[in-house]
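Next come the structures, one after another.
Each of the next two complexes has subunit A plus one other chain: subunit B in the first, subunit C in the second.
== the complex of A and B ==
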């Protein structure tokens, strides 16, 4: 075991807290591959939700999803692509893109790097193939090699091997809050001096087993995903990955990196209520938001990127949590969810939403909550329905998951003066 | 902020019946969806009780950091087999939520009303990372107490009654907090 003595030597409270900036991003969603394509469609309010093609969805209540159909596999130098799950390909591709964006890709072999990623499903597609063969041929005749990339921590191991990284990794599997928790951990690790550079984010793939599960819970909408709308009927699933390169400010300055923004705060909590339903009053989600705000020094929030799944219970709970934290000001802060455009990316949701929020700061543009038509008195927030120029300096991004995992992060415009 | 250990528990699934005699009525009366959840909840219940933590906790003073290895696949298998044998109607809305690795941590937070952060880390070595994470969170003043540990598959050829799973957890606490509570502090070290 790593810890040699439970005297726990390091005195973290005495460590000078360092600033953490974002210097690179990589993104794949149903909108496409890369920052440019994703942002063009996000700001235009385009939906990339289509009839699912990777499996037969005709027998399900919902038949659509946000498949990243423009992406198939990534180029591999060290590993054999055929043995890797789609989840590994997504993770490796977006990480390479983020490292290239940060202009650090050639240096990563020489510096200790923290990899902190979130996933709910891991290599679920491989698991699905394996289980189907077990049923067909029996356990003894199923190939164990088919589960080579099944477990949730294997994709991180593959990424380490492929990019020949040095350092450590931690995988978070906290349902839909996984990506945000992974960013939060990377943020804390850098600001307390454990690492100067971290690769963080999240990913998940579209697969029938999970789709069937959400379908069995009647959580998938048979029509459009309409977060905060009175007539909302549920969520739509998506797939993709989002990776951010976090860096200690001085380290970024020394290598003349282009700074995209700053991570300012992170908070997490548990509902302690129910496996699938959120705690209805929003009081526990509010704890995560409050912690993040406190961590960031209580900045003014200009925009809230909501978890906004489009399910009846999540949206009311999230509204209650926002109202509880911000009081009357809650009705003024613009709020939107990107899930109606690209779907719910589960473990990848928090990371992709953090990236989109960062872009909304960079391009000073409010992101539209598409498909919103009828206001719901129980979700009486300032829902942004149209993309528009807006002076966004600081954002709050929320993620809430099954089992009552809540996580929030604060991202802000980078200013030299803190 | 100096974290110290104020609670330790290690229970095999072979000993679950005996363990059930050590828990409070509140835990004994709970119904569990599967034996992994039972082992996790019962282990942590005994540890909290022995560390003189009032349950239900009812606040966000305690956080939970849980590691799971391949053992969580046993839950997925049951769900998957349902779908594969019976088609989509076999996708159980009861089992599906338990296929996410954080279902064990979720059940602990629900059972003991723990509202601090709960983090699940899927990994082979279930304890190292979560212990480090818990120490970091206490060090960084993000929490004053943390339950850290995990569940591991001891031997996939063993049945549950023979000890297929092992639960190991620690209660970590900020030293000042432990002193104030009059907690027993374990002088525990490992490699």
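== the complex of A and C ==
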């Protein structure tokens, strides 16, 4: 049976493109641990933003965040007795959950696995402890092991060791676009035949370093996070992780996997404009969206999961980009951001948002953009304010980050016919 | 399959800035290791420090004057690589940039932490935050050179430079972009000097190395240094040696050559006896330039490219006692990490 005829793949420019499906997900956010708890709160439009407890936030412009307070540490087997950074615990726990969801956890040791993950900060909590000890007690009293946990690729190494994986890993650090880029790379690596199975996603922890940094840029809101609202004042940070198991379609079918959805397209671009401010016209973010749409064969988009940080500049830029790409249709497509509920997860944002978008397809439910009260003429999109049943088949999820990183991904309902 | 060729190289090293200075010092065996002057708190520490570096000579754009050293090195190396390839424009969204970074802007991160702890939240500088994020060097390059295609920062140990080349190659092969710039950079930092010295790694280094990779059919301006015959990468924490054998064998198979066709091996790692590489000249730049992890591997790639184009193996970098051939067809560059990661590339003479 030829690949082109059976719906397993298609040909483009002499490169065979295989179909890539999602067979498992793992998620930890301020909403809780696991798919069930997260989805229940997401569809209810509940906010899990609270006063920060992991450090003293009283001196900052904003004092709240989306801490994953229900999560402490994961169970370690191979690395039992090792003191790992919280970021490693988040990554290991969500990966285990995703592998179990995909029903592949026992077989995974025998398959070459690509791990493609995104993080902005890596083990920054260990870095903070190290720096504080150096400053207060001197270099000789600081633990060298904390420096290595601080490095952003050590979480991937710990995961491989704990789960006894073989294959390879790539750690993307593209600021807030990291998670989406990591999924995009896993998608490309599977469809072009480098791997059959990939673990992909992103993670980041709540820490004072990044909180103080965003605060110094006046990006943290002193009130509620209100993406696309005229009175928005900034973002609220969060923490967590999102992991997806991607598989080549035939591989998933052979092992009778439950297919949750299909990754249809990915696009990336750069603003080439400013380190911290987005390119205001949205034309470079539009390139990423257009590339993703082209990659997916220009499907009808039923819902846009926006980057929607709630900062003045991001939301206008994202509106401009959406308008540029979709024209008048942009005013019809429902748009929402989940950041007001769980915060901005930085390197984890794109992955968690991809998972939530996938769930919106599975449960045919629009996700509400909570805290939205006053329309902004500069963000004249169809903002979904209430959760409601909606026939979502194909979604677009956007991520934009420092350094002008733009990434968009398209996920769709799995149908046998491509 | 169309060949991917290396058309431009850019270097900021303790052994000189630009390919001519670097190559001459390599050929002459001139060391770039000297007593460090950057950190007043550290005494009698030696390393590969970039000195006499005048950023404004290479980059006139005032927006980057306050950037971290790692960003400045990256900007200059990329500028040199682009000029070296004779490329006048980067064709907007059809150029990709992949940075392979081990540490990032540690000095700015340290300054930020210190200010936060000692002086309080009201006295921290936003630039020490925004320029210490790991993708700041790549972000600054995309801004400086108007690169609107995919810009990625990969983080990891020494093998990351090779993984960055692999990602850049994937984008070229699938037709996503016409040109890919790959860069690795690092900056010396007193805390990392201390930590690595505790692990027995004493001579660290800094700088940057950049490559321009293009499809053979797209080049018009220059004769390539070499082409990429094959790449491979693997992580096997339970058996690091197996990972290394596998990637080398995969590289040889993909390049359709055997071990006897390899004329030079460049590695920052050990050479296990089982690999049977002992009769092949094995080079390493660390004794002359210091260790900068991912950047060291990038320097090995660039040095191999220069050696292939010049048809000469610099004696000063060779670690084993073997006869040096008077020809150079294929160079194997590999790196391994203690945790079990191994990556390799074979670069071949472009005819």
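Keep in mind that, in the parts below, the second predicted complex is superposed on the first by the 399 of 418 C-alpha atoms of A that agree within 3 Å, B and C clash if a C-alpha of one lies under 4 Å from a C-alpha of the other, contacts with A are read in each partner's own complex, and residues count from 1 in each chain.
Operating definition for what follows: a residue touches a chain if its C-beta (ideal position, glycine included) is under 8 Å from a C-beta of that chain, and two chains touch if they have at least 3 such contacts.
Everything quoted here is computed from the prediction, not taken from an experiment.
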| item | value |
| --- | --- |
| Combined model on subunit A: subunit C and subunit B, fit or clash | clash |
| First (subunit B), second (subunit C), both or neither touched by A:167 | second |
| Which of subunit B and subunit C A:82 touches, first, second, both or neither | neither |
| Partner chain in contact with A:417 - subunit B first, subunit C second, else both or neither | neither |
| Subunit B and subunit C footprints on subunit A, overlapping residues | 13, 59-60, 120, 122, 127-128, 131-132, 135, 151-153, 170-175, 181, 185, 188-189, 192, 194, 209, 212-217, 268-276, 284, 287, 401-405 |
| Complex contacts: residues of subunit B adjacent to subunit A | 1-5, 60, 64, 68, 70, 73, 76-77, 79-81, 83-85, 87-88, 91-93, 96-103, 105-107, 109-110, 112-125, 127-129, 131-133, 135-136, 139-142, 186-191 |
| Sites on subunit A touched by subunit B in the complex | 1-8, 10-13, 59-60, 120, 122, 127-128, 131-132, 135, 151-153, 170-175, 181, 185, 188-189, 192, 194, 209, 212-218, 268-276, 284, 287-288, 291, 401-405, 407 |
| Interface residues, subunit C side, partner subunit A - complex | 93, 97, 101-103, 109-110, 112-114, 116-118, 120-122, 124-126, 129-131, 133-136, 138-140, 142-143, 145-157, 160, 163, 167, 170, 173-175, 191-192, 194-195, 198-199, 233-238, 339-341 |
| Complex contacts: residues of subunit A adjacent to subunit C | 13, 15, 59-60, 120, 122, 127-128, 130-132, 134-136, 139, 144, 147-148, 151-153, 156-157, 160-161, 164-175, 181, 185, 188-189, 192, 194, 208-210, 212-217, 268-276, 284, 287, 401-405 |
